[in-house]
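What follows is a group of structures, each given as structure tokens.
Common to both upcoming complexes is chain A, partnered first by chain B, then by chain C.
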Partner chain A sequence: MTEQIKDSKFKLPTSALRAYTMIAALALIWLYFHWATGSIFLTSRNLSNLMLQTSVTGIIAVGMLMVIVAGQIDLSVGSVLGFAGAVAAIALTRWEFGLPAALLSAVIIGSLIGLAQGAFTAYLNIPAFIVTLGGLLAWRGAVKAITKSETIPIADPVFKSIGGSYVAPNIGWILAGMAILAVLAIAFRRAQTQKTYELGDANYAGQMLKAIPAIAGIIIFIYVMNSYAGIPIPVLIFLAVALLGVFITNFTTFGRYLYAIGGNPDAARLSGINNKLNILKVFALLGALTGVASLIFTARVGSASPDAGTLKELDAIAACVIGGASLMGGRGTIFGACLGALIMASLDNGMSLLNVKDFMQDIIKGSILVAAVGLDMLGKKS
Partner chain B sequence: MKIKMLFLLLFCVSFIAACVQGPQQQNGNASVGNAAQNGKAANPGGKTRIGFSMATLKEERWQRDKEAFEAHCKKMDVECVVTVADNKADKQANDVDNLLTQGIDVLVIAPQDATQAASMVEKAKAQNVPVISYDRLINSDKIDLYISHQVPVIGRKIAEYALQRVPKGNYIMVYGSSTDNNAVIMRKEQEAVLKNAVDSQAIKIVANQHITDWKPEEALKMVENALTQNGDNVQAVVVSNDGMAGGAISALEKRGLTGKVLVTGQDAQKDALQSIAEGKQTMTVYKPIIPLASAAVEAAIKLAKKEALTDAKPFRNDALGKDIPAILLEIVVVDKDNLMTTVIKDGFAKYEDVYANVPADKRPAKQ
Partner chain C sequence: MQDETKSPILEMRNITKEFPGVKALDGVTFDLFAGEFHALVGENGAGKSTLMKVLSGVYPAGTYGGDIVVEGEVKQFKTVRDAENAGIAIIFQELSLVKELTVAENIFLGRAPSKFGVINWSELYTKATKLLRDLNLPINPKTPVGNLGIGSQQLVEIAKALSQNAKILVLDEPTAALTESEVETLFDILRSLKARGVGMIYISHKLGEVFTMSERISVLRDGRTVGTSDTKNLSVEKVIAQMVGREVGDIFPASRHEFGETVLEIKNLTAYESETNKMLVDNVSFSVKKGEVLGISGLMGAGRSELLMSIFGAHLGRNSGKIYVEGKPVSINSPAEAIANGIGFVTEDRKRYGLILDQTILDNMTLAGLKQIGGAFLTHRTRESVVAKKSMQDLRVKANSPLTVTGTLSGGNQQKVVLGKWLLTKPKVLFLDEPTRGIDVGAKQEIYANINALAKQGLAIVMVSSELPEVIGLSDRILVLHEGKLTGEFSKQEATPERVMAAATGHN
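Moving on to the complex of A and B:
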């Protein structure tokens, strides 16, 4: 890495610089809390809880990031989360659909709502802000209607396990092995591409070296999770969603189109991209992910309540923005959004461990949100 | 193509409009029209008209309040107009304005914000409409009646119950929203009850927190973190309502502590009653809603007829330092032992619902 810095005269690519700053900020926050809580924050048990507490916001943030990158916004996710969760709970308890159908119904409802809101935005040219603001109100109303303002308890142990059970440690290691193989395979392919496009000889050693931090990260993560109880199921789902997000944004035409549309919609349209269709798709995708998140949310609390998910949209947007996404569109990464979600959850978790009063928690979180974006803007100027 | 779209949109809008207008005609819009045309005298049969401005219907109990209130109005043959403010104080101010334009004879308010509601009281009094503060206390000395359950007693009873069952050990205190007057009153009462035990170090409060908007998932996170911080060495989780108790139970369940740790609650929600039957939650506080709603309707009718409220007693509003007339109803502590003789006997909850997750051979005999 030192060589790379020398090569580019001490200039890292901005995106990488941003990622390193954020990791450093997270590390600082973690170390501070570890010290302040009397060495409790960085125990495997708390880290396991922390990852659990990140997963719902994280999953929504992945979808939200893609929407934001495309230059759109979705304010309705909190209400949609409540609605999809309530549908699943009612499908299970009142309509007796059976578990798989109940789970699926939440995801389908989420996608359909996303599809509808996307259609209004893309094809009727109503600004996404307005459509989803309407959605925020309407879907909350729908939640109250179908739950009859009652909290619907969930007794099914399998449903509940989505929110709180763990993957057995040896399966965790198998997953780790698969992940490491995948990382190596990607590194190998990268090296080969260099040769294919005649950019020089395949630099296998260099690419493998670059893969080391990722591999180390995987091993440490699994080790920490296993030394408590294993990977929590919600965290596993969150990781899968995040990987899917990384794949979509980096390696599919759909993903690259989102950046083009968000960066300059007219240029994108004139170069033959179907802006409308892609916007429709991205809203549907966010809707589906919100459906997935709603299952975890409902399973974790053990019931579907009429006010489930209120203000979740702001958590998700904050995570994206802290992670370096621009609300103007065209800029932002999945990695950043996930890190943003983790930072927010770390603040919540740490302050809760320290028993900080609720009003101080709000003030601190608000200040950090503004400060994070402020720092980002400073970095952009220089 | 565009024109087609426009038609489609037009169709959608008119469809939605039709849907929305249908049910509203029974209470809202139609009567507004009447009142606007005929002024305040617009009471066709000379029926007493009661306006009931509610803060929310999101929690189960408020749904029951509304149903009981409307049912008793019907029984007493008076008209009632109910509005719901979706937890927004500004919407409630508009609702009250609208109720007053509809020419109501008496106004019942379940306030979203205790202090902001005082201005609504002023408006009503300016039009000579008497005001009842329902369940939650309005910070105004102009109200004609405060009707509620013995709120200060709720906090005390919860804490006393916990202390009696767990005289020694570590306590987690989960309080309600710090913007809710009742939550603050409950906290103070609980602190007062536990003070001696805390001072003598019999019990230790290891975490205490007001939870924003009484959210179950925030309570879940708080208890999760408090358990981590104390290595699961917790004997009682004193929670101020059932929704948050559900969150606390999820946190305990994950650590295999359900049934071993005392969990309190309030409201006697259906899911909490199930948890009590299963032994996951220890107790809840049952505030019989039907007597409350009925008493409110009857008091409202008396006020409308300018009759004296004989059963009202002075109640000290600490925030104002003044006494106001109040009717405070009894509350009931519900635990596993008296489920049958309280909530089920009153018809507040169904036997089948409460024991839904308990195997048939372990249920008490149906009465």
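Moving on to the complex of A and C:
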């Protein structure tokens, strides 16, 4: 039996195959833009910018992925982003809450909205599509109400720095060192548990070998970011959120339950899972992450505007779907969603550099979304 | 009974239908005369529904062997519509009406009188009104079907069939969901149809009805016709004997007599349907001991699954009753609480209720016991794969690795994965609902061996099964349910197929 399990690791599981395909697609897109822009795209300055553009959508996509995996959808995140950002701006400027309380209020507002919409979905059995479509309209209205349809500028330099400052290069390298140590520690533990549970000898060399791509990725990433100005703070937050997402989906009971609920709600319920409670939780989590994203968005723009975050829900959903998530639920990974967000941002960034007209950008992005899912379906059938 | 010179309006000659690995019908012959009421009876899985699906074109011509002859002409039905055009209408157990549409719209669904795609509403309602009046049905054709009771809906189905000039009407358990007065109304209508020359094939487990209404009875068993006789020459006992008449093979392990103390006791359990509030389980009490296999027998719709679902906290309708685990009263309102109290449940229909087909054996097996294997918040993947692998070996699941996706497994192996899932919750009592449905004989024997081994290890087992030989061969004690009530309890020595079947049909 042990032999057979080892064997299966050499076969590529479909999820891994999908990940490699996506990385290849991203590489092609990057190379094309680099060539088409006359070697501007792959400069450290532009890559730093690209990562910045990815971070807001990426953070929301992490939460959205978990909602989609549970077989649900949230169309309201764009409006919630606008509302939470406006609340933070008003709390700071008008109500004079002080910075920490103002920042916290955005996250709390986001979670409360998620909690309310989750409760409507899970406990009143109103389809998530309807609840959050209502939310999309209602929260946009609420933004306009509290901002009186005017832009609220942010003066506080610390708030603004959330969107615009960088981690000093040497601190970047310290973080990189810590990340590499963590990767090595995980590899070491994997090798050890293999022995503890009699799955074979502790294969330290093999596990270390597997850690090499991750370590190389960390070094290249920090090197590129440091060649410009260091890691942008929003990108650092995005990476932290993505890691949290990976942890939740892979290592917690909550994460496993989400996949079960999305995969077969009846079987999940009969296996003792409280479907409703878990659906409530995942909406609240997405709401909280939307609150975090709203802070970065507001800080980057330097103000809270009545139309902040418009259409962000579609970017986030598209990122998940391009990343291989199924809107039927039960399937999708955080890694895929983040890569999807990066692909979306790359298209935005590259086409802007090429001065592609706005309407054309939308048409191309829309077509690519449909084509990506179409190819996925073709691949599944064959 | 029938005039020898008259020829039948329907003959099914030598019908054979095979599914992968199973011969569902093996040379079945059946005929029907105009104006005749011909009952078709048999155990669950005897092949009645399959035969009717062949007749109605659900299984198109070419996928079965033998001939269907309607009014002397051999017919090749490619679709359900072909069969309808030949005058054959079937009313299935699950009604096929659109609840949001009106009675008249349903009757003429897909055939509404229209010109250039525009429906002629006044003609539609006039026709429907006339049809309903002919049948003496006091139903307003403009009522949405969803507002009608289940009995009236059944009558609308019949009206729909007759609007298509059906000469042959097949009724599959039409009275299962009806009250007594509704049954009377239905029978009145069926009698008037008979007088008009409509031939009826009547499938029912309710032998009382069958004997009141029918001229002839045919019995199917294991996909073969056991016999067709005039009703007046038959008795309930004879029919039951024909339905069950076969040897209980020795694929079942020998009985064990060392039971421990009582693990689970149920007192006065009553459960209702969630929408109609119909009583499904009527004041049932029982208990099961350590190491005992308790079989629950009964016909489809007798309330067996609902009984287990109610105990498990998963029944959606209202229910009441007391549950004791190891002598202590417990309150169970959700499957999670049932699991915490040591109850496991291998539910029926593994594809719908048991497995997440897109996920691996590992993910499925550890789902119910996730918190016991890991922790309340964090999972423990390594420990999971160790226990899942061990479980695969113990239950002899045939698959390359725990990472094989369950949707690709055979039925028997899927069932073992579900069994493994529940064993990993370390239950004291294990419920099994139709544990061997749709799996081949070899896998069945392995499941039997697993059940036996688990009982020997001291697990209390409650098993619902529609297969009589299985219940009788495997159980130490058998309870029989009929229409929600406990109608029989037999020890292994007392249980004979005839006795159990008599109790299951309410004739003991």
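Throughout what follows, the second predicted complex is superposed on the first by the 371 of 382 C-alpha atoms of A that agree within 3 Å, B and C clash if a C-alpha of one lies under 4 Å from a C-alpha of the other, contacts with A are read in each partner's own complex, and residues count from 1 in each chain.
Throughout what follows, a contact is a pair of C-beta atoms (placed from the backbone, for glycine too) under 8 Å apart; a residue touches a chain by one contact, two chains touch by 3 or more.
Owing to the predicted nature of the structure, the values given are computational and were not obtained by experimental measurement.
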Contacts of A:Ala205 with chain B and chain C, given as first, second, both or neither: neither
Which superposed partner A:Asp307 touches (first chain B, second chain C, both, neither): first
Partner chain in contact with A:Leu378 - chain B first, chain C second, else both or neither: neither
Which superposed partner A:Ile152 touches (first chain B, second chain C, both, neither): first
Chain B/chain C common contact set on chain A: none
Footprint of chain A on chain C - complex, ascending: 312, 314, 334-336, 338-339, 345, 347, 352-359, 363, 367-368, 370-371, 374-379, 381-383, 385-386, 389, 392-393, 400-404, 421, 425
Interface residues, chain B side, partner chain A - complex: 5, 9, 57-60, 62-63, 178, 207-213, 215-217, 220-222, 224-226, 228-229, 242-243, 246-247, 249-250, 253-254, 269-271, 274-275, 356-357
In the complex, chain A residues that touch chain C: 1, 4-5, 7-8, 13, 193-194, 196-199, 251-257, 259-260, 263-264, 266-274, 330-331
Chain B-facing residues of chain A, complex: 37, 40, 43, 45-46, 49, 52-53, 123-124, 144, 148-153, 155, 163-164, 297, 300-303, 305-308, 310, 348-349, 352-353, 355, 357-359, 362
